[in-house]
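Heads up, the next two complexes both have subunit A, just with different partners, subunit B and then subunit C.
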Partner chain A sequence: MSVLEVRDLSIELMTTGGVIRAVDGVSFSIDAGQTVAIIGESGSGKSTTAMGLLRLLPDDLAVISGHAMLDGVDVVTEPKKFAKLRGRSVSLIPQDAMTALSPVHTIGRQLGEAVLRKGAMSKADLNRRCLELLEQVRIPSPDAQLKKYPHQLSGGMLQRVLIAMALAVDPVLLVADEPTSALDVTVQAGILDLLMELQERTSVAILMITHDLGVARLVSDRIHVMKDGKFVESGEVEQIVEHPQTEYTQKLLAAVPKLGHWDGEPQHNAPVFNPATSNTLNGAHP
Partner chain B sequence: MLTYVAKRLSQSLLTIFLTVSTVFVLIRMAPGDPAYALAGPLASTGDLEKIRTSMGLNEPLFTQYGIFLKELAAGNIGKSYSFQAPALDVVLGRLPNTIFLAVLAILLAIVVAIPLGVWMAKRADTKRELGVNVLTIAGQSMPDFWIGIMLLTLFAVVFPIFPSSGFTSWSGVVLPVATIAILQIALVSRMVRREVGSNLAAPYLTVARARGTGEQKLTWAYAMRNSSIPILTTLGTRFAGMLNGVVVVEVVFNWPGLGSLVVRALETRDYPLIQATVLVTSVLAVGVQLLIDLCYPLLDPRVRLGKVSVA
Partner chain C sequence: MSATLQTPAGTLPAKDLVLSVKNLTVDYAVHRSTFRAVDDVSFDVPRGSTVAIVGESGCGKSTIAKAIVRLLTPTSGQILLSGQDIARMPARQLRPLRAKVQMVFQDPYGSLDPHLTAEDIVAEPLTLRGIRSAKERRAEAAKLIDQVGLPSSALGRRPAEFSGGQRQRIGIARALASKPELLVCDEATSALDVSVQAQVLDLLADIQQATGLTYLMISHNLGVVRESSSHVLVMSKGRIVEQGPTEQVLTTPRDPYTRALRAAALDPLTMTGRKPRDVVSRLNKVAPQGEPVLMEEAS
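Showing the complex of A and B:
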């Protein structure tokens, strides 16, 4: 059974330049334990889709229509009911970990708040649960981290804290909005590994929003390619990557940087620095 | 932390010293002669000269300054010419009236401006908010003497609800406090709107909302808490400014505070009284500022660790 079933979702944004249809009738579903990625360039509407599904867009600036069933609640037509699910059945892993936590509150306080969404518990239990969660996302010496403030942790550590926070309530769906874009490549891999491992254990469904085809390919089961608010192509990962049907997807694939052969011809006609033929540092222009 | 306190304390002392010294020189450079004020318009040139010599006003400026510093070090600011009493005593006698006014005005400003500013931040750009916004612009643009006279005319003359002047009963407090508070409310609420507004739009707030945190908690525990440093700084500066004597308001309402005292001291060129007022008010202003600076580390962990410097 699908955890999230989206049918004909549209989101219109009121801007100073007029009404923009940022999301234009998209439909998709995610099963438990599955990861679905929405990829596309900036402005394609992928983040708006995610934020709209969480009802985190301001009501006076965004009009949502269509259907989106999550845990028996229609996100679009039952916003009050859904507000109770937010942070319980569905949680968010945000884009930029460095700005995602309040700078004047400790990690423990903010993590504890997420844990308490499931219900009141004693201070000792809360502390134990927080430590357990930080251990789950492999944060070293969790006891010390709980007392720290966000600026005392690195971006990668903060993203781990945010993942712990998102998992604190055993959600059925995780919405990951570019969870690794703000991180170093080496840290990225660790975070993605962690996400997949946690998914395997909890069989949480993940909606992954990314512009990075590499990320989408690594973690997801299905990919939707989004452009101008519409899905231009949808399918299994292999199908999208090996046999892209549309020109847009082909371009997205081509935009992924590849390493050329060490001694082969340079790709395209890019000027290449060749120490053998140059006598200046600007060897590309002899 | 201790070196930080020591550093700020020595800076404060230097500020007070420089303020007092500057005022010492300035009032003597300004036109006017205390001897005239003391002797009256019918005094002869000889009388005036005698008075000047007896008060040491014929000495060169440097000598006068030297004497002033020596006396100051001994804790002596001199006798007020017009009150014929130690100037410091005269000032300290008036101080409670001004502090009373300032405390009431700042409390009123806090009680009204913070909820108002938060309300404006949450309803930003709606029609009703726009109306209130225009009112706050009006509030900060109207000069205080004009507000004072308008309130006087309206509530003491046309509708005689409150007394027009003096500090004889509690009802006499209402109009002066309201006059001062209107400007403060306008300024502080706009400032709260801006700060809380930017925090309500911050990514961390969306993330907190995503984890199901309630609106009240988001507003007060997160947005307001994160705005506390700039808000406290503004309130502190405003309060310190009021302690310097809410000059115009005190004159309009004939309030027996520092403001009306300093106007009288300036009119009569009562040098010791002016100096005593400046000394006391600068100590207070710098003291309040120091207190606020020392609060920063309590409010923001980043200041505690010296990562962000708050100028």
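Showing the complex of A and C:
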């Protein structure tokens, strides 16, 4: 049963240079408990797709067409109904944790606000729920963190707070826009692990927007490769990474700096796409 | 650790070292105390080589870059540029030497003056090099723009008209204009898409092959380090925790921190395990003792 069903979604942006079709007829669906990644380079339209689906693009500058069914509501044609779902059935985990939170309000105040989207509750209940959420995202000594301001926490911890806020409303869909791009790699693994653990427990569907093929490979079930507003290739994660069909995906994979094998990890023996032997890539990169 | 691992440079005569850093320490003033950003760091950069410094945010790698180009004055230690110590050299004495070390910055959007054309940007250092004739400067700027793979039509355009990758090429041309002996690239490709990053790394390699230029690459990306450098220093908390030939450090890292960094780096083509949990468990296995990596960020 699909949580999100997108059919023929197009988004046109009004810019000073004219109308740009940033998203050009994409279709995809996400089931409960599934993670679907849209990967692409800057300007490919991946973030516009996510923001369009959340109706976070300004109405006078972005024209959305097509269909996107979420929780029985068509996001495209029923914006008023959808406004009630945003922050309830669907939540966003933004990219930059440092700027996503208000610098002048405490973590507790901002997390509490997200919790109250679900409905009013007593102060004591609210506090209890906030502590529970911070524990769920494995933040140490949550009691103390609630009283802190964003600048007093590290980037990884702030990202955990944002995940807690997104989960506060028990959403059916999480949209994660580059949730780990601003973080160090050793912190990234923990955040992705946390997301997957929460997904296992709550069966939330995740739409992951990323430019990082490694991240996409690690968390997603399906990958859509986006370029110039269109999906150039879609498929199961193994298929995309190990047997890319289109030249663009092959080039993208070939451009990722190779790390090679190391002694801390068993050798990967599955047949893997090898840029060096692919004919289409001659001269793409040494 | 750094004392026991000899750099390949250690066996070369001193004149073949473009840069030799000895016991470099940089303290920042924080409130009423100091924070030691770089702590007793020593390394050599042989002429014509590429040496990389890798580490996570806050490890001190950019502070080292800033000290080498003397955007800041180190607290103690030596920075030998072709044998001459510039660590605490007065500004006036330093000025003629500044051309020898140039920097390519991380942010291609913030590091170029938006009011100037590409030609102005590249030609400015030529004035400092003593080229007085405007005609000669223009000819030299055109040559540099061509060297970084941009069309001559780029000369009259301003930064806003270029993509991130093209801007980084202008930044490289500007750095080359002073005829440096050492190019410090501080996360020069981090803001770029992977395909553009590959092109810029290729360009840097081509320039090195043609001119024998020496690079110090500052990066947080192990993949970039592997593709660009022959020798790598791994930094954590202001110290070099491991150094050696890049291939050796990446395939058989010895220090727990390097192992953690390697375990967390994701290469979509060669990584094993299909779940973040696999990465986390590998991370925790190699994490420095008593200091679980995942909790390190908790304050």
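As a working rule, the second predicted complex is superposed on the first by the 259 of 286 C-alpha atoms of A that agree within 3 Å, B and C clash if a C-alpha of one lies under 4 Å from a C-alpha of the other, contacts with A are read in each partner's own complex, and residues count from 1 in each chain.
Simple rule for what comes next: a contact is a pair of C-beta atoms (placed from the backbone, for glycine too) under 8 Å apart; a residue touches a chain by one contact, two chains touch by 3 or more.
These numbers were taken from a predicted model, which means no experiment stands behind them.
Undergrad: Figure out whether A:R129 sits in contact with subunit B (first) or subunit C (second), or with both, or with neither.
TA: In the superposition, A:R129 contacts neither subunit B nor subunit C.
Undergrad: Thinking of the overlay built on chain A, is A:E41 touched by subunit B (first), by subunit C (second), by both, or by neither?
TA: In the superposed model, A:E41 contacts subunit C only, not subunit B.
Undergrad: Looking at the overlay, does A:V215 come into contact with subunit B only (first), subunit C only (second), both, or neither?
TA: second
Undergrad: For A:V187 in the superposed arrangement: first (subunit B), second (subunit C), both or neither?
TA: It touches subunit C, and subunit B stays clear.
Undergrad: Would you sort A:H224 into first (subunit B), second (subunit C), both or neither based on which partner it touches?
TA: In the superposed model, A:H224 contacts neither subunit B nor subunit C.
Undergrad: Looking at subunit A, does subunit B or subunit C touch a larger number of its residues?
TA: Of subunit B and subunit C, C contacts more residues of subunit A.
Undergrad: Going by the contact rule set out at the top, does A:L162 touch subunit B (first), subunit C (second), both, or neither?
TA: After superposing on A, A:L162 lies in contact with subunit B but is clear of subunit C.
Undergrad: So which bits of subunit A does subunit B touch that subunit C touches too?
TA: 152
Undergrad: Inside the complex, what are the residues of subunit C that reach subunit A?
TA: Residue positions touching the partner: 56-57, 164, 193-198, 201-202, 205, 220-224, 226-227, 247, 250-253, 259-277, 279-280, 282-283, 285-286, 293-299.
Undergrad: With touch defined as at the start, can you tell me which subunit A residues reach subunit C in the complex?
TA: Per the touch definition, subunit A meets subunit C at residues 41-42, 139-140, 152-157, 184-190, 192-193, 195-197, 211-219, 237, 241, 251-268, 272-273, 275, 284-286.
Undergrad: Residues of subunit B touching subunit A in their complex?
TA: 202-213, 222, 225-226, 299-302, 305, 307
Undergrad: Mind pulling up the subunit A residues that touch subunit B in the complex?
TA: Against subunit B, the touching part of subunit A is residues 51, 54, 56, 83-84, 86-88, 91-92, 94-96, 99-105, 110, 113-114, 117, 149, 151-152, 162, 165-166, 168.
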